[in-house]
Amino acid sequence: MSEGEMSIDRKKGEDWWATDIIEMRPGLIRLRGYAIEDLIGRISFPAMIWLMLRGELPDERQAELLGIALSAAIDHGPQAPSIAIARMAATCGVGINSAMASAINVLGDVHGGAGEQALGFFGEIAVSMDFGRSLEKAADERLDRYFKDEGGYVPGLGHRFHPVDPRAPRLIELVRRFAKDGVVNGRFADIAEAVEANVAKRKGKRIPLNIDGATAVVYGELGFPPPLTRGLFVLSRSVGILAHAWEQSQKPERNKGPLPREWLWSYRGTKTRKPVE
Amino acid sequence: MSEGEMSIDRKKGEDWWATDIIEMRPGLIRLRGYAIEDLIGRISFPAMIWLMLRGELPDERQAELLGIALSAAIDHGPQAPSIAIARMAATCGVGINSAMASAINVLGDVHGGAGEQALGFFGEIAVSMDFGRSLEKAADERLDRYFKDEGGYVPGLGHRFHPVDPRAPRLIELVRRFAKDGVVNGRFADIAEAVEANVAKRKGKRIPLNIDGATAVVYGELGFPPPLTRGLFVLSRSVGILAHAWEQSQKPERNKGPLPREWLWSYRGTKTRKPVE
Amino acid sequence: MSEGEMSIDRKKGEDWWATDIIEMRPGLIRLRGYAIEDLIGRISFPAMIWLMLRGELPDERQAELLGIALSAAIDHGPQAPSIAIARMAATCGVGINSAMASAINVLGDVHGGAGEQALGFFGEIAVSMDFGRSLEKAADERLDRYFKDEGGYVPGLGHRFHPVDPRAPRLIELVRRFAKDGVVNGRFADIAEAVEANVAKRKGKRIPLNIDGATAVVYGELGFPPPLTRGLFVLSRSVGILAHAWEQSQKPERNKGPLPREWLWSYRGTKTRKPVE
Amino acid sequence: MSEGEMSIDRKKGEDWWATDIIEMRPGLIRLRGYAIEDLIGRISFPAMIWLMLRGELPDERQAELLGIALSAAIDHGPQAPSIAIARMAATCGVGINSAMASAINVLGDVHGGAGEQALGFFGEIAVSMDFGRSLEKAADERLDRYFKDEGGYVPGLGHRFHPVDPRAPRLIELVRRFAKDGVVNGRFADIAEAVEANVAKRKGKRIPLNIDGATAVVYGELGFPPPLTRGLFVLSRSVGILAHAWEQSQKPERNKGPLPREWLWSYRGTKTRKPVE
């Protein structure tokens, strides 16, 4: 049926779900204008991710750098609430998709949002540079404001567990290499290092860039907006979540709790009492 | 616009979401045929739950018994994966609804399905009695089949932690009282006790009814189908999940893992190695 | 093993999960200090909810009013995203707990947070009255600030669909009755009506209290803090979510989409193109 | 602290969360034995996924083929319940991680399990061939059993919407190419084609391989067990879910329902009535 013949109400229904991402007709699937069979086998998985999120194909070096950042944050072990949740869920009699969902769901502002905050922070410094500030000046002013009004941890710096997070220097090294090759311009790497240096001067000790800061640098270099970095982190951590859910599902445990089976928890509430009749 | 004037396609769209549960027009909300303002303040919350699920109002004694079963399974502490997940999620920067969702999601076949299995099991005995078997005979035959073909834990009996689950005898006592008052007929309580007695004879020791068996008795007495008992358990345990998520959210912890902060986990995988270049 | 004999590390593990809500030992479950078998059958389901969230038993009239508010917000039909999600999920081959989880998960700031915002708003007026302002003055000043700095919809007022939401006046009528009986003091009902009247004067037309405003009044009267009202809304709406998931699961539909099966969606993206080789 | 000095109970706690996947110490993260900084930038994202799930590094051609399958199932538009849920959730005031979780959660047995079923089906034919049956015989016997005992849709064949799913022939063509290069052996492609041919003979018309059948072929060729194919599908579809959640979140809609805003749903329940006083 041609669109001209479609009733106004059916069109209204179909418009309610309008999208720029995918076009479909019987026997035809197009993503962002490309027939899917023209994409399959011609572009890498990270390039496919890029196309879906940004609407245009990256060149393969850009896609490669995206894949590098996606690989870096893949897992941080079962003390991370997301991973622990995936493993416990896998023992409760739900499908692996649901074990993953319960876990992904907790990648919220605190557990999954640090990269977004870091990229937002670096991005404000970038804007300040666009208005003519030097890198050092822009970083210094932003940090002045930060320590005066906001406080807490500087976004993208420091780790409660790792004195130096081994993923961060490796990612920055790779960004520098991609910048040398002209794939990115290295500006967010500069900003991150300027922030790190400025904070070191203020504190008298280096608080090194962490994985959230380092992936924010990559995503910033590649032009992703801050809120999408949380989505990219979800794609990345989903892999570790799946690996742990899968490993756990191969074991016979049922209803796995957080502590060894014969342990309990400390009760600290009201003493024993009776309801008044 | 009267329905007569509605286009075929709009009607098709509206029919796609047809329901028997709720009718709405501007200024009007009817649940199962009752104007909502006629229900609010006239029936109890458990009666409202019953109406929504079954389509008819219960009498208030039936609703009271439903409320009793809903109250009984409300919490089993933070060693239950659902409760642990709620508490961890509450530290990850998501809303209390999302903390609850991650937890409710794991009330699957293993963590949330025991009542459903118990009611299914008891129900098969009830059907056998409908065909003329005595209670003892019907229970015995079903258990014969169980130990021959299925094995594992008898649905509704035994608890890994409680020698006697204190909730179960209390619920059965109340079912007996409601049966004496004619609210229910006591048949599922009889069946559960016959199963318990038969298993005790086979095993030489009593494996007492647990909370899943006892709530299955209540829901069976009240006429709920087995799959709905899992839904009712979700409503019940949601209260404990909310209480724990809320308590946890009042504390300053962030990204709470399953073990004390400075502990790790044991690594048992492949020894240290290098990728071959 | 007595606590004195427990190792420091086991105690550390058990303390990591400390709670004031539930105490457990083999054969013993206590909620907030009460043996669970002393609670079951003696208090209503809403009283149980109150005890779990607040730590103390309410009197039964308070519990009754809580149950009334929980009943009021139970469902708003399948055009609400939460209900639509529950129904679609029920056709995808997941357990009813997971269908409920996907739905509850979306009761976020926009879909589930209006009551929280309304109670916060009313509460600020209450605090202002504690500092000696009259009701009218306190409401007027808060609304001045609102229209000057915040804008948007006044929390708790107006409904996109219902000219008057039939649940709201009924709830306020019941609060007035409970206030007359001394169960609550009626202060939040006064505040809500003062806000409504003040906005009517400013706008030249009445924008009536909605369900979120009215339940916020009840929860405020009963002393619940604003963030818990979202949790209570989740408990309430879970019932409608369960009813719709259950109804849908009785039908043969598989992978139910949002529109009738033969409809699609409008594609508005980039025109057909080919990847450059 | 050396393990020798660790208390028995701390070790017990840490063993509770034992894993083969990740080893961590301050400043050190190893995945499957490899220091993470040795992996980052040296292997592709699909190779990282493989390593996490299988424990060993693939060669890069195997990883490439995995990436191809992950790219193929990335999106099927907003009539799929998962995508519709992601878009609705994105309008409800939850983080993008939670919008994704509600959607991923519904990739259950019906919406996400078809690949798993197809691979299980093809795998049984493969086992039969291992015991000496010819391909045609093995497929024929399995299908005999299928049409006799199981019925319904043959796993991996046919599509309600696409006469020929354009993704499937393209994937098989690529599997053939990879088989020619010795990356895989082409056995599952043979099986899928034998199943398709056998069914065509039985039905008198071709019911072509669909995306689930085609990705099952790829995953089978690469040696993934059937239940993991659902996990891989989740990773793949997560990209489409993210793209749609993100696109939707850029629009001003709030609480997006499934139908245009002024439409309702058809009510088919009990006629208007009043509670009996």
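Should a chain be cited, it is by its letter among A, B, C and D, assigned in written order, with residues numbered from 1 in that chain.
Quick note on the criterion: contacts are C-beta pairs under 8 Å (C-beta built on N, C-alpha and C of every residue); 3 or more make two chains touch, one makes a residue touch a chain.
Quick caveat, the model's predicted, so the values are computed rather than measured.
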In contact with subunit B and with subunit C at once: which chains are those? Just list them. A, D
Does the subunit C and subunit D pair touch with the same residues on each side or with different residues, judged by whether over half of the numbers are shared? same
Which chain has its C-alpha centroid farthest away from the centroid of subunit D? C
Which pair wins on C-beta contacts, B-D or A-D? A-D
Distance between subunit C and subunit D based on Cα centroids, please, to the nearest Å. 35
Which whole number of Å gives the spacing of the CA centres of subunit B and subunit D? 30
Approximately how many whole Å separate the CA-defined centres of subunit A and subunit D? 21
Which subunit B residues touch at least two other chains? 10, 12-13, 15-17, 19-22, 24, 35, 39, 43, 77-79, 84, 93-95, 97-98, 101-102, 105-109, 112-113, 258-260, 263-265
Quick one: which bits of subunit B touch subunit D in the complex? Just the residue numbers, please. 10-11, 13-25, 30, 32-35, 38-39, 42-43, 55, 57, 93-95, 97-98, 101-102, 105, 258-260, 263-275
Applying the document's contact rule, which stretches of subunit D touch subunit C when the two form their complex? 7-10, 12-13, 77-82, 84-85, 88-89, 91-94, 98-99, 101-103, 105-113, 160, 254-259, 261, 263-265
Across the complex, what residues on subunit D touch subunit A? 12-13, 15-17, 19-22, 24, 26-29, 31, 35-37, 39-41, 43-46, 48-49, 52-53, 64, 67-68, 70-72, 74-79, 84, 87, 95-98, 100-102, 104-109, 112-113, 161-167, 169-171, 174, 227-228, 230-231, 234-235, 238-240, 242-247, 249, 259-260, 263
